[in-house]
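Structures given as structure tokens follow.
In the two assemblies presented below, chain A is common to both, partnered first by chain B and then by chain C.
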Partner chain A sequence: MKSERRSELLFNVLMNGVAPIVAILIAFAIGGIVIISLGTNPLAFFSRMFSLNFGTLRGVSQMIYRATPYFFTAMALSFAFKAGLFNIGAEGQMFIGGLALAWVGFTFTWLPFPILFVLCLIAGFLGGALWGAIPGYLKVKRGAHEVITTIMLNFIAIALVQYLVQNHFMNPEWGIPHTPSVAEGAYAPSLDKIIPWFPSGTRANIMFLVAIILAGLTLVLLNRTKLGYEIRATGLNPNSAEYAGINISSRTVMTMAISGGFAGMATANFILGPGSHYFLKSEYGGIGFSGIAVGLLGRNNPLGIILAAILFGFLENGALGVQLYFPNVPRQIVEIMQAIILIVLVIVLELARKFLKRLQKRG
Partner chain B sequence: MAENTRSEKAPDPLIRMEGITKRFPGVLASDSVDFSVQEGEIHALVGENGAGKTTLMKILYGIYSKDTGQIYFEDEPVDIEDPKAANEFGIGMVHQHFMLVPPLSVVDNITLGSEIAHRGILDREEGKKRIQELASDIGFDIDPEARIEELSVGVRQRIEILKVLFREAEVLILDEPTAVLTPQEVESLYEILNNLQEQGKTIIFITHKLNEVMDLADRVTVMRDGKEVGTKEIENTSKKELANMMVGREVLLRVEKKEAELGEELIRTENLTVTNDEGKEIVNDISFSIQEGEVFGIAGVQGNGQTELIEALTGIDEFSSGTVEVQESDLTNADGREIREEGIGHIPEDRLDRGMITDFTVTENFVLGYHTFERYSNRLFLKLREMDAHAEEAVEEFDIKTPSIKTLAESLSGGNQQKLIVARELSQQPKLLVAAQPTRGIDVGAIEFVHERLMEERARGKGLLLVSSELDEIISLSDRIAVIYEGEFTGIFDADETSKEELGVYMTGSKRQDEEKVRRKALNQVSLRE
Partner chain C sequence: MDWILEIFAVSTLLATIRMALPISLAALGGLFSESTGVINIALEGIILMGAFAGTIVTNATGSPLLGLLMAIAAGLGMALIHAIASVTFKANHIISGVALNLFATGATFFLALVITGGSQISVENSLPKFLGLSPVIYVTVAIFFLSGFFLYRTRLGLRLRATGEHMAAVDSVGISVTKMRYIGVLISGALAGLGGGYLAIEQANFFTKGMSAGRGYIGLASMIFGKWTPWGAAGAASLFGFSQALQFRISIPFVPDEFLQMLPYLITIAVLVGAVGRATPPAEDGNHFIKEG
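Moving on, here comes the complex of A and B:
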């Protein structure tokens, strides 16, 4: 009995701990080769990147700012995954939610903080939830596979948001299409207002704490509530869930809605946090898709996702700063690294699985 | 007994396994087991679930590596590292779960991995020809171009057998070959195996059904708890003896059934009809009632509407017409939750794909379907402590073998999984229990346990609706038996006054009782003798 628990522990450590770390290390090695080919010393490059992120509290703060939105889009993937659904539509859900929260922010301008701020978050959640519920509904009613519908809805969302901003919310005199700014009551307080020893003047804001709280709430929801039990049952075996009297249609739609809701809050970090305070579509492109990688790297576990999101924030923030020192390494090195991490992770997980199987065969 | 089992072994076996030991984390799956097979025999390997039968055969087939021990092939020590090596010795295995690619044709499935090619060009015609020859050699026809997904389970199994023969196997290992088959398909499997034996093939089959052993095998080896208990010639043994060897104690093969003490009417159903998507009646105008303390059995060949009837009754599916009344309250097309709240338990026929969630823990499975009950949850949250307490209690009471209540249900043996489901349903103390194939695919000891428990419920005045394709089970447990054929009751019988043969005639629809009489007997309006 003890050894059974030990082998379960081994599985967890290997699949959820060792494999992602090994994948990250290998990805850095491969990224290093790319950097060498650009005529730059990768050790110098990465150590500069490291010190930019971790050298100062300011760096940490900037990194957190970059990391925050990834948490939300990754949670969109992972939450749906718990119910056996593949939500590839975080990108579209993020845009719809983003526009919704901006709209509340620049429309109900008389409302004070924190009422407007909270309303904005709720609007973001609902916008994303609506966009997520559509593929859920189509799956339940028409049997349309959510991978296809969520991808399609991404394109529709992007076009719809573009149209609304350009034709309804934008002042034609502005050069770049964006919405009006949200009112002050919607501003997300920066982290230094909450954590006194945090440096001021960075963009890291309360949304990072919201993310951590949501991660905890999600764990509670999935493992300790009736709804979470039903969502997991539906994901693991719909036939048995049906036997248990669980309404799997409603659970599927609800899961997709909650999943989309997470993505819908992703841009609050940019719009409500310190900065421009308006919805600027071009700034957020790709965060929804990268969320897939973050979710996988975080092994679909809310706490793992926080760590994975921080890694992505590390890369992104590092790449922005490191350009000053190594001008011949383009900033796209981040995307290359992200892609390599994902590919290597998939391979390493498969190898780890094979290794565990062999171990089991040997006994 | 041990000494004379040794002397029964013939001098030069084809395969000899000596002192095979295999340890898995937490279990000694095979504990210095000796096993040998003679050329040309049908050798049954029996034992309860988890006794180590499959492990031993997977070692022989090279899927598992052994810790210690030696395998001899024609008296030469050999090393079987992987299935490919096993194939080279002419050993092939038909797994319990088929390994076929559903969208591909029969010929492509069989040749997969051993394709016949000339200069790199696939020769499908040649493959087709050989497959047809092999099939007709063992006595059946096959369309090599049919796609697997169009074929029944029985035919798929034949294809697995052909796959092994195509690789020129001389020794066939079949892992619980009848577990998935209907009685008719079992018959034709017997025929195929006998034909194979006539051709000089050697067959090892794993089973826990003693009837099959007596029907088919020349010799039988019994395993228990990873040890070999003995090997017997079929002529020199009996079902009773084998059952005792398997379980390690005296087993009652017949259930003790006390005189029925009937009470009030529990459930009354009238004119139940279920139609499928095409509008065809799968269950056609069925009525019955069950009293307290009564077991109402429904016998029939699988696929005659039993599943649909039960699923509509328990809220998974819906009746298109008819009424269900349980002690005054109307439960027609009630949902699963209302059904359970009304005190109706359900042991579904498909253990893994209805009855439990294998990736859930034992505790989580213990509340499946009851998780909305006040005892286990409030409006939002699960009461984890109560859930754990309930699971601990039930594991203890029903003697479910599990490392802990936090273990995933998938790592329990089939018998213990079934016990878990039975325990879950009975521990809610239902007044009516719907049990479908409650002992399918579980071992003798667990069957005895389930039967005893069901009879205890009956003695306590609970009602039981029992659906089973095992006629022995139906007859020994039921009070009244209805035979279902193409969605209709073709006859109603008193269990004490009927026989397997009589039920069999009605099960194929070749005989029917008068329709009105069946209805009135099923509703308890007239005595069964009239």
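Moving on, here comes the complex of A and C:
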């Protein structure tokens, strides 16, 4: 009994602690080597990045703003994982949800805050949920693997959103295709209006708190409700779940819908938060795909995902700011590092798994 | 009614061939990888890497041939990482592919900025045209013939396909599953890399960030629509190339461009759900080989 608990602790420490940290360190090391090769001191580079993010509350606030959307697309991946489903369609679900929430925001303009704001979030959730439910339904009814259908639906969503914005929502005089602006009732309050000591004038907004609340609710849903139990049972072993009387078809579709719903709210940070207040497709590309890295780095745990999203926000915000000081290092260095984190992480996780298995065999 | 004539014009046919080429190479690459049971969605990133490496080497050496070889080498390099992660370390094939795509997007943009200061690099030389088309197109046709023969008529080809259908059986007769999978993945990288090199050096005459623009995924779609056979993949790639050629050349009344963009993906889903015939992937697609005992 005691040794069992000890091996579980070891598993947690290795898989959820050591592996992500090793992946992050290796990514920083490789990033550092690249920076050296450009003739820049990587310690100066990274410490400047650190002080830009953590040196002032303003920096923290900007970092939070950049981190928030990653939480939502990462949750899309990880929630589906709980039921053993691989949703790599967060990109498309994000676009459909984003257009849906913008549409509500610029259509029902007479509604006051917070009614319109909440309706926008619900619309985003439902838009993403619809786009996520389709691959769930196709898997259950026709046996189409969700990996391929979600990839294909990403591109269908991108083309569909582009068509709708350009032909139905856009004023041709605008040049850049975007929707009309959402009404004031849909604005997400900036964080300094809620947390008095927070600096004003940054774009960090209430969506970060929404993310934290959703992380908590998701933990409750998964661990304390019947639905959550059934979703996890479906993921652990679909056959025995079905034998236990769980309708795995309906759980599959529902999980994919909730998963897509998370992604559908990702752009609320940009559209409803302080800034332009309209849906601008070109601004969001890639957040859905990066969410895959964030979700895995967060070890598919909502709280871990918040930390992982903050790391990605740290890198992105730092890269934007550090350019002023080191113009010879293109900010895409952080995209390379994010990719390295992901690939090293999956390898380290496998090595840790092998190591634990060997340990178990030895007794 | 000019648009109807335009659909059947010779220039549209030529454009179709040009657009279909990188897609068909990606599709064939995906086919080689999946015939050994390794899913390769890194094709998108491999095309991008091939396009970038090919551009840089063509401009540095003045030789488009060396550029194309470098594109193949870059594809091999990316595929090697995919094989190490997903075959040797048994990482999830999809995650490894996603990571490589993110890497290619960031790394090519980064290097383009470091080397030239801009995100677009024009290519100075391309191969002399033969009968109005790039020699790479004839080479690709030959590759398809050879692949059809190789996969279905040679010992190694049959072993590759057997690995995708039943790994344990392949292992039980003393063939290394790992080796077969490395071969499949590496061939896929070389082919998609060549597709990327063609795209930048022979077709566009420039490299620009993100220029693969979904071609790797359309290649996957072609592979599925073509039911995991070389000629099926070539046919599907031609159809999707045709729809791309139409987008660039004409506007058909009542059919928005965006609908043509969606077409490959819609057809793929239709095939997967069995609305347009059934497509069966290799049985071991995405599985890991774990030796018992």
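We adopt the following convention: the second predicted complex is superposed on the first by the 361 of 363 C-alpha atoms of A that agree within 3 Å, B and C clash if a C-alpha of one lies under 4 Å from a C-alpha of the other, contacts with A are read in each partner's own complex, and residues count from 1 in each chain.
We adopt the following convention: contacts are C-beta pairs under 8 Å (C-beta built on N, C-alpha and C of every residue); 3 or more make two chains touch, one makes a residue touch a chain.
Values in this document were obtained by computation on a predicted structure and should not be read as measured data.
A.B. asks: Evaluate whether chain B and chain C can sit on chain A together after superposition, giving fit or clash.
C.D. replies: By the criteria stated at the top, chain C and chain B clash after superposition.
A.B. asks: Considering only the touch criterion stated at the top, classify A:Ile176 as touching first (chain B), second (chain C), both, or neither.
C.D. replies: The answer is neither, since A:Ile176 touches no partner chain.
A.B. asks: Spot which of chain B and chain C makes contact with more residues of chain A, would you?
C.D. replies: After superposing on chain A, more of chain A is contacted by C.
A.B. asks: Quick one: is A:Ala29 in contact with chain B, with chain C, with both, or with neither? Answer first, second, both or neither.
C.D. replies: Neither chain B nor chain C is touched by A:Ala29.
A.B. asks: According to the stated criteria, A:Ile194 is in contact with first (chain B), second (chain C), both, or neither; which is it?
C.D. replies: In the superposition, A:Ile194 touches no partner, neither chain B nor chain C.
A.B. asks: Look at A:Thr225 in the shared chain and tell me whether it touches chain B only, chain C only, both, or neither; answer first, second, both or neither.
C.D. replies: In the superposition, A:Thr225 contacts chain B only.
A.B. asks: Look at A:Leu43 in the shared chain and tell me whether it touches chain B only, chain C only, both, or neither; answer first, second, both or neither.
C.D. replies: neither
A.B. asks: Determine, under the contact definition given at the top, whether A:Ala244 touches first (chain B), second (chain C), both, or neither.
C.D. replies: After superposition on chain A, A:Ala244 lies in contact with chain B alone.
A.B. asks: Based on the superposed arrangement, let me know which partner A:Ile213 touches: chain B (first), chain C (second), both, or neither?
C.D. replies: In the superposed model, A:Ile213 contacts neither chain B nor chain C.
A.B. asks: Identify the overlap between the chain B-contacting and the chain C-contacting residues of chain A.
C.D. replies: Looking at chain A, the two contact sets are disjoint.
A.B. asks: Please name which positions on chain A make contact with chain C in the complex.
C.D. replies: Where chain A meets chain C, its residues are 38, 86, 88, 138, 141-145, 147-149, 151-153, 155-156, 159-160, 162-163, 167, 286, 289-290, 292-293, 296, 330, 332-336, 338-340, 342-343, 346-347, 349-351.
A.B. asks: In the complex formed with chain B, which residues of chain A make contact?
C.D. replies: 1-7, 224-227, 229-230, 232-233, 236-237, 239-246, 360-363
A.B. asks: Considering the complex alone, what residue numbers of chain B touch chain A?
C.D. replies: Against chain A, chain B makes touches at 22-26, 29, 63-65, 67, 314-316, 335-337, 339-340, 346, 348, 350, 353-360, 364, 368-369, 371-372, 377, 380-382, 384, 403-404, 407, 411.
A.B. asks: Spell out the residues on chain C that touch chain A in their complex, using ranges where they run on.
C.D. replies: 39, 41, 81, 85, 89-92, 94-96, 98-103, 105-107, 109-110, 113-114, 214, 217, 220-221, 224, 256, 258-259, 261-262, 264-266, 268-269, 272-274, 281, 286
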